[in-house]
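First the structure, in the form of structure tokens, and then the observations on it.
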Amino acid sequence: MDFGNDLDFLDQPEFGEPDFFTKAPIELMGPTLGLDIHQNEADFEEADINEDIGEIKSEGFCFKLAPDECPSEFARSLKHLGPKLADFKHGTTTLAFEYQDGIIVAVDARATQGAFIASNKVRKVIEINEYLLGTMAGGAADCQFWERYLAMQCRIYELRNSEKISIAAASKILADICYSYRGYGLSMGTMVAGSDLKKGAQLFYVDNDATRVRGQLFSVGSGSPFAYGVLDTNYKWDLTTEEAIALGIRAISSATHKDSASGGVVRVYHVNNQGGWTKIHDQLDVNEDHYKFENSKGLRGDGKEGFGKLKL
Amino acid sequence: MSIMDYNGSAMVAMKGKNCVAIAADTRLSQQLCTISQNMQKVFKVNDRCLFGLAGLATDVATYSKELKMKTNMYKLTENRDIKASTFTDLVATSLYEKRFGPYFVVPVVAGLDDKGDGEYEPVIASYDYIGCKEQSYFACAGTSQSFLYGVCESFYKEDMNPDELFEAVSQSLLAAMDRDSLAGWGATVYVLTPTEIIVKNIKTRQD
Amino acid sequence: MSKMDFHAKLAGNIFKIDNDDTEKAPAMERGFNPYVTNEGTVAAVAGKDFCKVVGDTRCSLGYTILSRDLSKITKLTDKVVVATAGMRADAIALHKVLLTRIKTYKAKFHKYPDIDVIARMLGNTLYGRRFFPYYTFNLLCGINSEGEGAIYGYDAVGSYDRVNCGAMGSGSELIVPILDNQIKDHNVLEPEAPSDTEIVENVLRDSMHAAAERDIYTGDGLEMFTIDKDGIRFEKEPLRRD
């Protein structure tokens, strides 16, 4: 079944049968993905940036560049070129922390464009594969696309080496991508949380400057100062999983209350030490959680305790 | 970010039959950070007229006091309450007084003019911040203005009674506030009828 | 330019990177800005077994109306349409790319792609222009392989998510709160998802009229596409022309 580059295979009688495709070469299935680029690990970081032709070829992708004197400056200044063009969704609160029984990842779900709430149901935890999670802050498209690509790379690693990729290596792939596109205005602040059988659960922070840090407790986004406040007060290594989940929810709810660019629902994931993760809460309304928490303290929840005194 | 968006607000007023309603959120914020959930944005002129101020919070406080002073002076010299339609002109002129050093507020006035025989003419007026008056069926102001215009166009109908008016105004305000990150955290609806002013606090989202 | 030169230039630029939104816009200094906005509004609602899409037909440039009858919605397959607000030139180019890639898929696999496949493809097509984006805001609408109505909403550089209703373009700020209230039943004590096509159609029509009333870039004509198991139906009616 060697097809070459012509379309003769269309005439073959078995074309269209399910069996046909399982045997078809991979570049025929998805030539645009270009899986054949990485013949060896050495060309992995080689991004061929050719500004004269106006494209970046790297990782098997071809990104078109603007026909401008300095395309990288063009790409960086996108947000000034057209309204809403690259109005990146900076407003967010995401957090993750390691504790004795794994990692808790908790995020809000609001996407804002300026003051406009574009959505209250965004998925900011990207399920990369069955043992890796990535969070999303900054440019939604950047995070979604490159973490999807990371999933692909992790699978290829597994096929090549017959073992799962380590969390450190997976987060390094993402950091390398950020490094090769430095100066082009990528915007991502992500936490890679995952679990392998050798080292258990591990947490890395990766951002668009290609910073990559291993740590115990991170919070990213405009609501992070508020989340850090709650987290640092109540965090300890020996939390039980129930306590850790409650702490994650509490920190996100508090942040969404004070920070107007965060809100919607909380989504909570637990990464265990046995090489996997589970989704704990798919969508927990922060509003209901806020009222429940304030009522448990004997408050009304709407902050209107002294409203009776107000005169018209 | 413009100075008008420094402290967020959502404000809407609507006409009914023999009644008007005005509603506003109660949030005070500094850009993205909430400071208070109890800010008063709607003020009473007299039993037939209310006004709300959206915009920069410090100017809201000052300008509401200035209007209070002017209406008190009116009452002392004329010995009667100011009519709602007269008050709408007073707001326009006092904003224009500050033409070259304006208050960064957008007022919304809602009132009832007595026509006799138990009939009242509802008055709704909105302005820009240097006093260009516009009278309409409904008025919207604040950072949520564009969202409010959309829902009000859709939810407004003629000759609503006070209950329908309350429902229309509060649904408009809630729908708009839920899409505006700068407004929310509680809302108050004031329905003005010939006999009473109905004030209701609405439970809203707190995120 | 050699690769070395480029990297030297890049290193020089890196120190100027500033992600701060409050940074003053250098828009005036930049010579090359290919982007204009022709605006207009599209909106869509997905029901249990159908999907309705509306769009206006005005194409404007600043305060000038360039055309009163330019469609924003393109049929991609018998089950999927794409509705695009934003810059017309980019939208036309993008729709052509999509149609070509769908034709290629058909040639390869002897079937038309499902909406989730097209959704991923559109996302990747948009992200392929990450550094020189299409200035378009898309709603991909249709019915999926299970026969359910499905809508995918995008930003300009290809982040996407499945939603059950959405609006894009200059009138989206006016329409979205109406859909929240009428379709998603926000702030309603007993939510009841609308399954009736007539209710959905009326909400969409009403919200487009509201947008035409208050948004100067929306108006002239209203196109409504209905996608269900019987295929795609198309209706057109006037909107205000001032």
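We call the chains A, B and C, going by the order they appear; numbering starts again at 1 in every chain.
Basically, contacts are C-beta pairs under 8 Å (C-beta built on N, C-alpha and C of every residue); 3 or more make two chains touch, one makes a residue touch a chain.
Quick caveat: nothing in here was measured; it's all calculated off a predicted structure.
K.L.:
Can you check which chain pair, A-C or B-C, has more C-beta pairs in contact?
P.N.:
A-C
K.L.:
Which chain has its C-alpha centre farthest away from the C-alpha centre of chain B?
P.N.:
Taking each chain's C-alpha mean as its centre, the farthest from chain B is A.
K.L.:
Centroid of chain A to centroid of chain B, CA atoms only: how many Å?
P.N.:
42
K.L.:
What is the distance, in whole Å, between the centres of chain A and chain C, each centre taken as the mean of its C-alpha atoms?
P.N.:
Distance between chain centres: 24 Å.
K.L.:
CA centre of chain B versus CA centre of chain C: separation in Å?
P.N.:
Here chain B and chain C have centroids separated by 35 Å.
K.L.:
Which positions in chain B touch two or more other chains at once?
P.N.:
Residues 178-179.
K.L.:
I need the residues of chain C touching at least two other chains; which ones are they?
P.N.:
173
K.L.:
Listing for chain A: what residues touch at least two other chains?
P.N.:
116
K.L.:
Please name which positions on chain C make contact with chain B in the complex.
P.N.:
22, 171, 173-178, 180-182, 186-187, 206-207, 209-211, 213-214
K.L.:
Under the touch definition given earlier, write down the residues of chain B that touch chain A in their complex.
P.N.:
Answer in residue numbers: 5, 8, 26, 29, 32-34, 36-38, 40, 42-44, 50, 143, 178-182, 184-186, 190, 197, 199, 201, 203-207.
K.L.:
Give every residue of chain B touching chain C within the complex, in rising order.
P.N.:
Where chain B meets chain C, its residues are 1, 146-147, 149-151, 153-154, 171, 174-176, 178-179.
K.L.:
In the complex formed with chain A, which residues of chain C make contact?
P.N.:
1, 3, 6, 9-10, 13-14, 17, 19, 21, 25-27, 30-35, 37, 87, 107-110, 123-124, 126-133, 135, 137, 153, 155-161, 163, 173
K.L.:
So in the complex, which bits of chain A are touching chain C?
P.N.:
Listed in rising order, the residues of chain A that touch chain C are 7, 10, 15-16, 21, 28, 32, 49, 51-52, 56, 61-86, 90, 116, 119, 121-123, 139-145, 182-187, 208.
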